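Take a look at this one; I'll ask things after.
Labels A, B and C are assigned to the chains in the order they are written; within every chain, residues are numbered from 1.
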Amino acid sequence: MLPAKVYKELEDALGGAEYVTQEPALLDSYAWQPALNITHEAWIPRPEAVVVPRTTEEVQAIVRICSRNGLKVKAFSMGWAAWGGPGGPGVVQIDLRRMNRIIEIDEKNMYAVVEPYVCGSQLQSELIKRGLNCHIIGAGPNCAQLASVTSGWGYGWTGLMTGFSGRNPLGVEWVLPDGEVLRLGAPGSTERWFTGDGPGPSLRGIMRGWGGAQSGLGVFTKVAIKVYPWPGEPEVKRGKGTLLDLQAQVPPTHKVFFLFSPSYEKFADVAYKIGNAEIGYVHCKGAVGATFGIFAPRASEKILSNPALRAMIKAAQHCTLFMLACHTERELAFQEKVLRQIMDETDGFLMDASHLPFHGMFAWGTHRSIFPAVAAFRPGGDFLTSMGSNETYDCQVYAAKLSESMKREYIDDGTFIEDMADCTWGGIYEGTSNWGHLEQIGIFNRRESHKAEGRYAFLDDTMKLTIAKSLGFGLSSLGAGYWKLYGPIMFNYHHWQSKIKQAFDPQNTADATFYIPPYDEVLKTEAEEKGKWDKMRSDAMTFRI
Amino acid sequence: MTLQELKPDMEGCARCSHCKWVPHLQIKSWRYAKVCPSVDRYHFHSYSGGGKMNMGNSYLDGRSELNDTVAQVIYRCQLCGACQVSCQCYRDDIDLADVLLAIRSTCVEQGFVLPEHLEMIESMKREDNTMYMLKADRGRWSDGLDLIDINREKADVLFHAGCRYSYDEDLRDIVRSAATLMKSSGVRLGIAGKDEACCGGRAYEIGYQGEMKNYAEDMASRVKASGAHTLVTPCSDCYYTFKYLYPKNGLDLGVKVLHTTEYTDQLIKQGRLRPQVEIPLKVTYHDPCHLGRRGEIYKGGWEGDNKLARPSRLKQTGKLGIFDAPRDILKSIPGIELTEMERIREFSWCCGAGGGVLEAEPEFAIWTAKERLEEAAATGASVLVTACPWCERVFKDAVKESGSLLKILDVMELLSQSLNGGSHAAG
Amino acid sequence: MSMSTTKSIAWEKIVGASGVVTDKKILSGFSSDAGFTKGEQPRSLVRPRKPEEVQEIVRLAYQKGVALVPRSSTGPRFRGDSMPDVPESVIVDLSGMDEILRMDVRNKVAMIQPGVTFGVLQEACAKVGLRVPVPLLPRSTKSVMGSYLEREPHTIPKYHWDMSDPICCLEMVFGTGDLFRTGSAAGPGTLEQQWAAGQAQKTPMGPSQTDFMKIMQGSQGTMGIATWATIKLEVLPKAQKGFFVTAAHLEDLVDFTYSLQRAKLPDECLILNHVAFASIIAANVQERDKLVKALPEWILFYAVAGYDHFPLERIEYCTQDIAEIAKACHLQSVEQTAGISARKLLGLLSKPSEEPYWKIRHQGGCQDIFFLNTLDRAPSFVAAFKAECKQQTFPAGDCGVYIQPIQQGRNVHIEFDLMYNPQDALVVQRVKNLYQSASSSMSTLGGFFSRPYGLWSDLAYRKCPDTVQALNKVKNILDPGRIMNPGKLCFGKGA
């Protein structure tokens, strides 16, 4: 329990008792965090209290109160996944759901300014009316836009057109761990939000890198997010249905294709050619196993146990889900012509799904990024992810091949549900960039707790694989405290990052479980745990698949 | 099922928060994206469907106790079922609505009851209704309609008015219209009059699951005695009780059960009722939770341990609820322009009245209703039409409090007017 | 640690005797540039050839408290960022590190050293069917890394996803002498191991949860020294076609430009006023003045391109789609204006400026004022600038205006090029006055000086004390000895 005086201070700062609680059962609704909980527990440490502020000033007040009373703070928007909650005792959870406004949509200059509790569906709905769109991450449209852009990482289906969350912030409003407000870019000096860089060095560089600080360096209260064109009619007609039964009609210049390549190498070639040709709106791996997970999870076991059917499905494994979404019929005709040529050049073939009855639902579901959640959760109720660093697509394909053979073993021993060991998801980003990601997802039933060790072993193996084979820093590198593992082999980035932490959060007020402790603590921990992490690193570097 | 038996469901919660939102593919605006009145009003995650499941896990794991504060969170919920619809868009292994009912039941077993709910139960026990009224007055709504008294003769169709329609004088015209127009189509329509009793559904919802059994048995014998082959009710809550709660608890009425909108829709399609008087109104239709998503027939019949293996046809998604019949009726009325809100059908926003909230948390009920009124007004409609007395009660109260210009009407009122003429046009 | 004023350091032990310049006459040239900022005379200049030498230089300087001023370009300079602000500084001249270390054609990325210029890189790219987006006719000695570390805008907005583009990864030495690599270059694994896994140091984020590349960019050498960078390249078009859209009023081009950006149809896309346009095209001042008179005041230039697949068809559909957009805006695309073909300008835009550098070709001197804002506000800035010209009695006819959509059209670089004769003392004074007053009024109007050179530092940083505080915290980490280019941005001259 918080000291009564502190609790009262929080109540007063929030303008009422109804915005703060320390009732154990209510706190436990914040401590239940099974998703992407790498420990395979469902409970995380219970917060000391939960507060629900409405304004930036209230957030500042909360941070100051906690700081001077030796408490930590951990903020979240939607709060999905374990890293959103406390990493230990003595943490006040800041639930930002009352900060839920879209403050501004600047149509001409293609950005939107949002508060923390605006989800992808909300923002996208308002944007489409204006002929615009936003990047929605693969976890789904239920996720907060601000959180992904400032604090998470940010892969998404439409990355070919809408980039990566970490590359989408413009101006930012940030409550630092000392309670002061820092505004990055134009909002620091003007009333506008059109850029987040400068004057001089860009402080976006301390806000996040490939990944964000997961609330380990303060609380973000507003962000301007780049938005992108929505080609064609500014509406999606919807009839009955809620997901797989949805009747929907996307603009006629939006067409979904399934591209089938004879090998992983040709699959990669297709991606490179698509990127270089500057066509397309959605590019990602079409995972055959995941397809069953979405549409027919109970049938998949039977179907996949039939050798002939399995072989046929396996032949379609190197599948690209690809969407054209064009401004004009002319543009559509051209892009489709190029696409067909690319498939000819790479010995593949395509299926034009726009003629099929489910096209509207599928196209709309892809735009709104609903399918990853379905694919990941429907078969078993839970999932974990791995690999998925962000580099050239050739590297991603190489990593996918390696990780598939590893996942096969874990399916065969019953750790994961059968999905043909297919590398599940990922695509190319930012048009011509030629970089992308592919992540290896394992689906399972968390209730089978006896299989937790196997899941943990898989994650451990993929982490080692990324180090042993130099596959990049990505989703396998996210374990709490993994800076101890990676830092010394990556130019001691952990020292520099922890110095940032120490400079901006000398009291260590922001819960840094999923970020990094202050520098002094890092040095101490390194010294104390040297042997353990040296061995782990050595095992990783000599890991053999 | 007990809360412990439902632990696998609760353990399946991924804390994704879909339960707070309209199914995402159907979200059309920032403003009308949310679907859970509880968490919207009271903010803490524990108020959401998922949050209550998390609290359930906490309780069963011995990490926390039930107390008045926790009970308040649990009771500040209309049990509207929207969370289940959103969750089950992609989850096959969680029956959120069952969990919420079991949590209520656990509260009652542990003695955490609200005085207002206790009063309701007392009223049911004393006078067979939830409205604190005299049993003797139950049949008064039908005075002068000359309906068959099933205590005296058999009927083909038993008309069960329900507690709210039996006693709420504000809504009297609606139930009288419904019965009248059904009778006018030639149906041998019978009522139990003062011998009609509560269906028991509300008792089940507020946690007194055992109480419903008494009323169900009473209902079954009344139906049998009536000789009717069909039971029709204008009350959505009763409809849900008959279609879902009774069979879920092993109680079979042995007859076809229809809502008045279903029945009259059939009559219209058969040509036995012909709406002819033009009613030039722009209306929007509110799907009552208990007629819509909660009115879905109980699919039941699966006994396994692992719901991941349950065939999806047995999942209570809410899609088989009654959505089209009321709309078809409205569309059959000349002059009516039906415009839809964003949150409709199985993802409709709750009126605010259900789950014992109207009785115990009237401020919350009105808050919820006002949210709906705003959404209705945003369509440009001048009339909000629905098909449930509880919705109508709370909407009318909310209109009065807010000064909204919306008129609240029932489908039967409009149909009746179009069949007979009258003065229900919005002024 | 105070700047060393007495100790001399044996730099030749690191870079060899030929890599050290101590001649005072030569060094005096580094205390001023073609702009108005005056600097201090450096003590010496050192020319490293390898990253290890750079690291050693910085380590030693940190130890001894010697100020370092890095530079990678040669030739005329205008902004004062690579002139020492404190005496006894050492210039670190990286222009001799001029190798293209690696060219990855499939992944379209080049790893280059600081001394690589646009001409050299463009030529190397062309040989393999690639190109690097280029700023507006940079001077021929301009370093690619130098340019993009300054966040200089390039002329193809659709390729400009983030302000850091086209830089991907950096190798750099912090002000402590520590070596660091950003983005995916950081590992795990050596570069060779990464290449063996198919990587190409293409990811411009990280490592992990910080991004020191973003800190290096825009820092004017105050955080460290970059020793190589990977630069994102693009496909060299198989076919291209240029167009002009002209207007008497800038306002008339605004909506059209927005529409072009939203549809991502053009490659090169920029707006010039007649003075800037003429200055680029003309060989001499007479030709320039004649052209200025003949041209409409505002010229939007755009190009459409075809790549590997059906290049001419691509150009065709883009042209038609743009024609429809133009019609809706009551505009028309043309292939020439005032006798100048769009093809000619397109040819110039892919290369560095011909000599003499276009900004000083006609009058000998040029002072830029540039900042960021959004295109819809550009006309108001232009109007305010013209008012300033009038106030300071400086002819607007000697001012070029360049508006470059960046970040795919989300904001614009607005630039006023004040061209003047540096031999005319009266004019010089007027330009100085105009430079100061116009900079101030642009700032007051909301111009965001994201690249705060010289007096802009004061204008920019006085508005954002929170940023100043934060930057100083970062500076204290990466350059605790405050040896890196002291006096620049919001950093003082002392330790």
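We take it that a contact is a pair of C-beta atoms (placed from the backbone, for glycine too) under 8 Å apart; a residue touches a chain by one contact, two chains touch by 3 or more.
It should be emphasised that the depicted structure is a prediction, and the values quoted were computed from it without experimental measurement.
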item	value
Centrality ranking, top chain (CA atoms only)	A
Interface with more contacting C-beta pairs, comparing A-B to A-C	A-C
Computed distance of Cα centres, chain C from chain B, in Å	66
For chain A paired with chain B, centre-to-centre distance based on mean C-alpha positions, whole Å	39
Length of the line joining the C-alpha centres of chain A and chain C, rounded to whole Å	33
Touching residues on chain B, where the partner in the complex is chain A	8, 11-18, 21, 23-30, 33, 39, 42-46, 51-52, 54-55, 57-59, 61, 63-67, 69-70, 73, 85-86, 89-94, 306, 308-309, 311-312, 317, 319, 345-347
Chain B contact footprint on chain A (complex, rising order)	18-19, 21, 23-26, 28-35, 42-43, 46, 50, 52, 78-81, 95, 97-98, 102, 118-123, 125-126, 140-142, 238, 240-243, 245-246, 248, 297-298, 361, 364-365, 368, 370, 373-374, 377-382, 445-447
Touching residues (chain side chain A, partner chain C) in the complex	106, 108-111, 131, 163-164, 166-167, 170, 180-186, 188-192, 194-206, 208-214, 216, 226, 229, 272-273, 276-278, 327-328, 330-331, 333-334, 337-338, 341-342, 389-392, 394-395, 397-399, 430-435, 466-467, 469-473, 477, 483, 486, 489-494, 496-497, 499-500, 503-504, 515-516
Chain C - residues contacting chain A, complex	106-109, 151, 158-159, 161-164, 174, 178-181, 183-184, 186-190, 193-194, 196-200, 202-220, 222-223, 232, 234-235, 258, 262-264, 307-310, 313-314, 317, 320-321, 324, 372-376, 407-411, 446, 448-452, 456-457, 460-461, 463-464, 466-467, 470-471, 473-474, 476-478, 489-490
